[in-house]
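After this come two complexes, each holding chain A, first together with chain B and then together with chain C.
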Partner chain A sequence: MQLIETTEQKQKQKTKPNLKGLLTTATCALLGTQAHAEVNTSDDKWRFDTAIMHYNEADRVTATEAIIAANKTYGNDEVLSLKLTIDALTGASANGAVAQPDAQTFTRPSGNGQYIVEGGETPLDNTFKDTRVQLTGQWTQPLSDVFTISAGGNFSKEYDYMSISGNTNLTRDFNQKNTTLSAGIAYAYDVIEPEGGIPKPFAEMVIAGFGSDEFDQAFADSRLTGDDSKATVDLLVGLTQVINRNMIVQMNYSYSSVRGYLTDPFKVLSVVDVNGYAQSYLHESRPDTRSKHAFYAQSKYHFGHSMLDTSYRYMTDDWEIDSHTFDVRYRVLFASGHYLEPHLRFYSQSAAEFYQPFLQQDDVLPMYASADYRIGELDTYTLGLQYGMPMDSGNSLSMRLEYYHQAPKSDGSASFGVLNDVELYEELDALIAQVTYSF
Partner chain B sequence: MIKLFEHTKQVLVVTLVLITSLLSGCSSLGVEPWERDVLAKKEMALPTSAVDAALDDHIYFSKEASSGGRSFGGGGCGCN
Partner chain C sequence: MPSQHHQQINTRKVSCQPRVGGFLVSFHAMASQCELLVDCDDQTLAQHLGKIAATEAWRIEDKYSRYQQNSVCGQLNRHAGKPCKIDQETLLLLNFAEQCYQLSDGLFDLTSGVLRKAWHFDGSDNVPNQTDVDALLPFIGWSKVNINKQLLEFTMLKSMEIDFGGIGKEYAVDRTVLLLSQWLSENLLAKANSNKTIPFLVNYGGDLAVNGARANNQAWQIGVERSGLNQTNTTMVTMREGAVATSGDAHRFLLKNGHRYSHVLNVKTGWPVENPPSAITVAAPKCIQAGFLATLALLQGKEAEQFLTEQDIKFWAIRPD
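On to the complex of A and B.
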């Protein structure tokens, strides 16, 4: 009987497409190594995490993101991690202008078209479409019984954006590996090359005479260059501490300094008259440096049949944005190996000092201004549920569904005239669905 | 860049002082090597799932003004 079962299983395995084998071959081909028999040995083999996530905002952005992460532990505890991410984004994004009682006409950032936004509607540019490919690699290896070093790189490319980065991290274990200190540094270089070029700070959006030579000339005059870049340095120090048999905590401090083009070339501000009517739209302008400090703490407690994971992050920067992020996950573990994990996240940020929802015609132009609600006062929350189950031969499958809500707040600017009749701080709802398979 | 390093120096000094005091406090905490059964469980890993964490970081990086903290700050996209 046993023999028959084994033969049947073998036949079943033969007929099943060997996805892991294929991925292993592909990964090895990329690395220029040979697959050998590594696939079939219990130790020293590749582990894969694959996920597909769909993000959908009501009436705005839709994004689909797929990840294949491969992980291999070698004989001396060296770990190689490789990750391929592909995402596709389509839909509409707020352009920064305020809603008006009447329809408004805008020129697309490329200068190749125009769009009309109906009265009472928050202006959205509906031509966002991008596909991004990202490759990440990380090598981690012990240097001694207590020291471990890790180094990695990342390359990401989309139609109008490129990012390349490198990082290194050193950890030191103390107290029978109950305490781990880590310190790391990362450097990133990003280039943005928007279709239509980089707009001059506070240049007026060219609208009249679309299609004429005068329009083309005025549009070209509103542009500075074809591309621009920024460089980011990140420093991170962390402490991980085992408290007891059931509890572990982590505390991090990170510092991030970014220099270069930090303005969003697709965002504008409405210039309104005393009655709140938009007279023109100016391209936004942000400072060319930003320094952020973040403090992060996480704890995990295992109750035997459940696990509580809580974290908090405080971030403060020199744009005067302060933020608080609370995250709680409670995993209920069933005897069968299945689990259910409710998730709650709260986020609250204050506005950047140069954020303003609109500019007034008679006011002196400030040095910097942006009406991007994402750097305004903002509260968000996420409600989610994840369900996971073990599969054959140590594989696992999980699904999660999350609801994300954004509530932008007034920065205290008094609205007047027709601005009182329109929604300046429109709320946003999004659904996130994800399936993960690990094998 | 010079400004960055001046600042970094102050931060490093404060961090070193904190680390020294934390390490002396931490030495009384922890478990013996044979008591790591629960900590070795998959759900006790930091983070639980690197793939979930990467997807979350990407969403919140593009929709909010904060990033990083848990690991190096997100980025690598001109997300809108």
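On to the complex of A and C.
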């Protein structure tokens, strides 16, 4: 609906542009004269970017995302950006338990149902379904010749999750705008309200007697509260430097500190006996603070008809997850205005100190543990290609197709018994397709 | 055409003669008779202002003429297909052209000159065939050019051509007004410590602008001649501020099987617009705006007058009998 309305707005603007006003603005730029007092520069047009993205993991999550971003520059170089994102996710996601030679029965996190995973299969909860609506807004304006300030907010809501955040950022130009320093701060507050409540750390998944009063009582006993929250503070400093006519580099450092509920209420760990057979499943438990440092460097280099964009990010946190991301994009421009952009991304992370693929029956329960492969040792790579073309009146259309491969790796825990016969670190492939239209 | 350029070089002289209320400075530039009317009683001052005006007009002619191989325009055309370095002024002009392209929904296009290869408006019945026109269309279209604002580079397809003719003369008028006003405020008004300026009118081949009203708030009265129209069709324009520009040429058309083909070409089809006025004169704060609006109005064909009326723009139109 939003898309249709904005298209109509645009057509209205096209049929009745305020030629005199727009021309005056264009002429002032050309002749370097002051804007005429009668000119209403807020008549400047909105620019829109619309995109549809489809993400499909083989046998797992399917996500479809629609984005409408609008952007308007006002007379004094103030910029207002608004963005609406709607995601629909369906499919199955790993619940953290290990595969077994025999079928396993699990209770859904809501307590309202159970599901059976066949022998040899990585346990996936197949009721993963959510719709997310996200709205972001950002206002940027120059304060003086060298200072620019920006402030924004974000709100997103899905069935069991809500996030609200605000940010502000100040930049200063030096050296005839060849050097820009920036500093920013952001605060976010998130609330999770899973159906079935927040499980107690290491509470055993209640399985037996499903449907009985005893089951309901035991399930209720395994829960703490209905919802929980976390708060995140991000600090960022950055430097952008123009090296020469062809090259620009950017470096950022950011510090992020989160406090609150950082555990995933949907994830469990298998407790296995000496032969590797699962005896029970315990809800995971993570620390309630996490602080992260990230270093980021990017360079863009313009050749005559192409542009090379390379970046590297190093992140380290007090959960002992260290990660490296390399990203390379090479845009080849054709004289017709069309372009082709291959994309290569490689990501590698080490495991959190409390990550373990399973718990052993005789071991002492650690303080924290999670079998979520996303905080285990992991390599991923992405291969993609984007094709863009200009359309009439300065509009543009682009298409992107990417292949994503994810390879969780062993953290070194020795597997034994029947665990030797199942795949503990299942790899995952996904395809991403996106179409973007800007007008 | 190069011979014409040669002739212009030889005739780069500025003459100054008295007229009622002041002086008339005249010179030849951009294939047009150029005039500067100065309302003052100091001939040296009038001559000096005339020199500033002529220098600027010739500078722009040399820089943006498509007939001169070494002009910026000539170089951009010779290097079509490759990125060309451009200076800040050219970037601003190209940006302006780009905005005109967008405001006109693609009708105003500096790359349309390629159509001259098919159309020769010499009053004959020499209408090109569709194949000839279609063959040119791939080399026309502002959407096919790329302006890199960071690198100051301009790129268009090989075999494309750019022509500043649509905005060059009007730009020269506005630049001249700007330079003369600056010179006056720095050299005369500041010293005399007075707000009283010297009224002047810049007229480059019918595209003109003033810096304000004449003494005692009198309006300037100018007869705007249109190429190819007889004296009775001269429009008397009265102005106290701003600029006027004219688009159209009554002599340039083709006549075949009783159908009149105007010289106003639609870049999207490559064919003439049906029933445009012979000429349109438009008033606007700046000459380059007036020029763009006049051209854009002609491109509306029979709706030209309605288009300007709806936009609340002052104009004078002449249609063929």
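Quick note on the criterion: the second predicted complex is superposed on the first by the 396 of 439 C-alpha atoms of A that agree within 3 Å, B and C clash if a C-alpha of one lies under 4 Å from a C-alpha of the other, contacts with A are read in each partner's own complex, and residues count from 1 in each chain.
We adopt the following convention: a contact is a pair of C-beta atoms (placed from the backbone, for glycine too) under 8 Å apart; a residue touches a chain by one contact, two chains touch by 3 or more.
This one's a predicted model, so the numbers in the text were calculated from it and none came from an experiment.
Of the two partner chains, neither chain B nor chain C is touched by A:133. When both complexes are overlaid on chain A, the residue A:156 reaches chain B alone and has no touch with chain C.
More residues of chain A are in touch with B than with the other of chain B and chain C. Of the two partner chains placed around the shared chain by superposition, neither chain B nor chain C is touched by A:435. Once the two complexes are laid over each other on the shared chain, residue contacts for A:85 go to chain B alone; chain C is not touched.
Of the two partner chains, neither chain B nor chain C is touched by A:385. When both complexes are overlaid on chain A, the residue A:246 reaches chain B and chain C alike.
Applying the stated contact rule after C-alpha superposition, one finds that A:332 touches neither chain B nor chain C. Applying the stated contact rule after C-alpha superposition, one finds that A:302 touches each of chain B and chain C.
Chain A uses residues 245-246, 302, 333 to touch chain B in one structure and chain C in the other. Within the complex, the chain A residues that touch chain C are 14, 17, 19-20, 22-24, 26-27, 29-33, 36, 245-246, 302, 304-305, 333, 335-337, 390-394. Interface residues of chain A facing chain B in the complex, by the touch rule stated above, are 49, 51, 53, 55, 61, 65, 67, 69, 83, 85, 87, 89, 93, 128, 130, 132, 134, 154, 156, 158, 160-161, 163, 165, 167, 174-179, 181, 184, 186, 188, 190, 192, 232-237, 239-246, 248, 250, 252-257, 264, 266, 291-292, 294-296, 298, 300, 302, 307, 309, 311, 313, 315, 319, 321, 323, 325, 329, 331, 333, 339, 347, 349, 352, 374-375, 378, 380, 400, 404, 406, 432, 434, 436. Touching chain A in their complex are the following residues of chain B: 4, 7-8, 11, 15, 19, 22-23, 26-27, 29-33, 35-39, 41, 43-44, 46, 48-52, 54-55, 58-60, 63-66, 68-73, 75-80. Those residues of chain C whose C-beta lies close enough to touch chain A in the complex are 81-83, 92-93, 95-96, 98-100, 102-103, 105-106, 143-146, 148, 150-152, 155-158, 171, 174-175, 178, 284-286, 288-289, 292-293, 296, 311-313.
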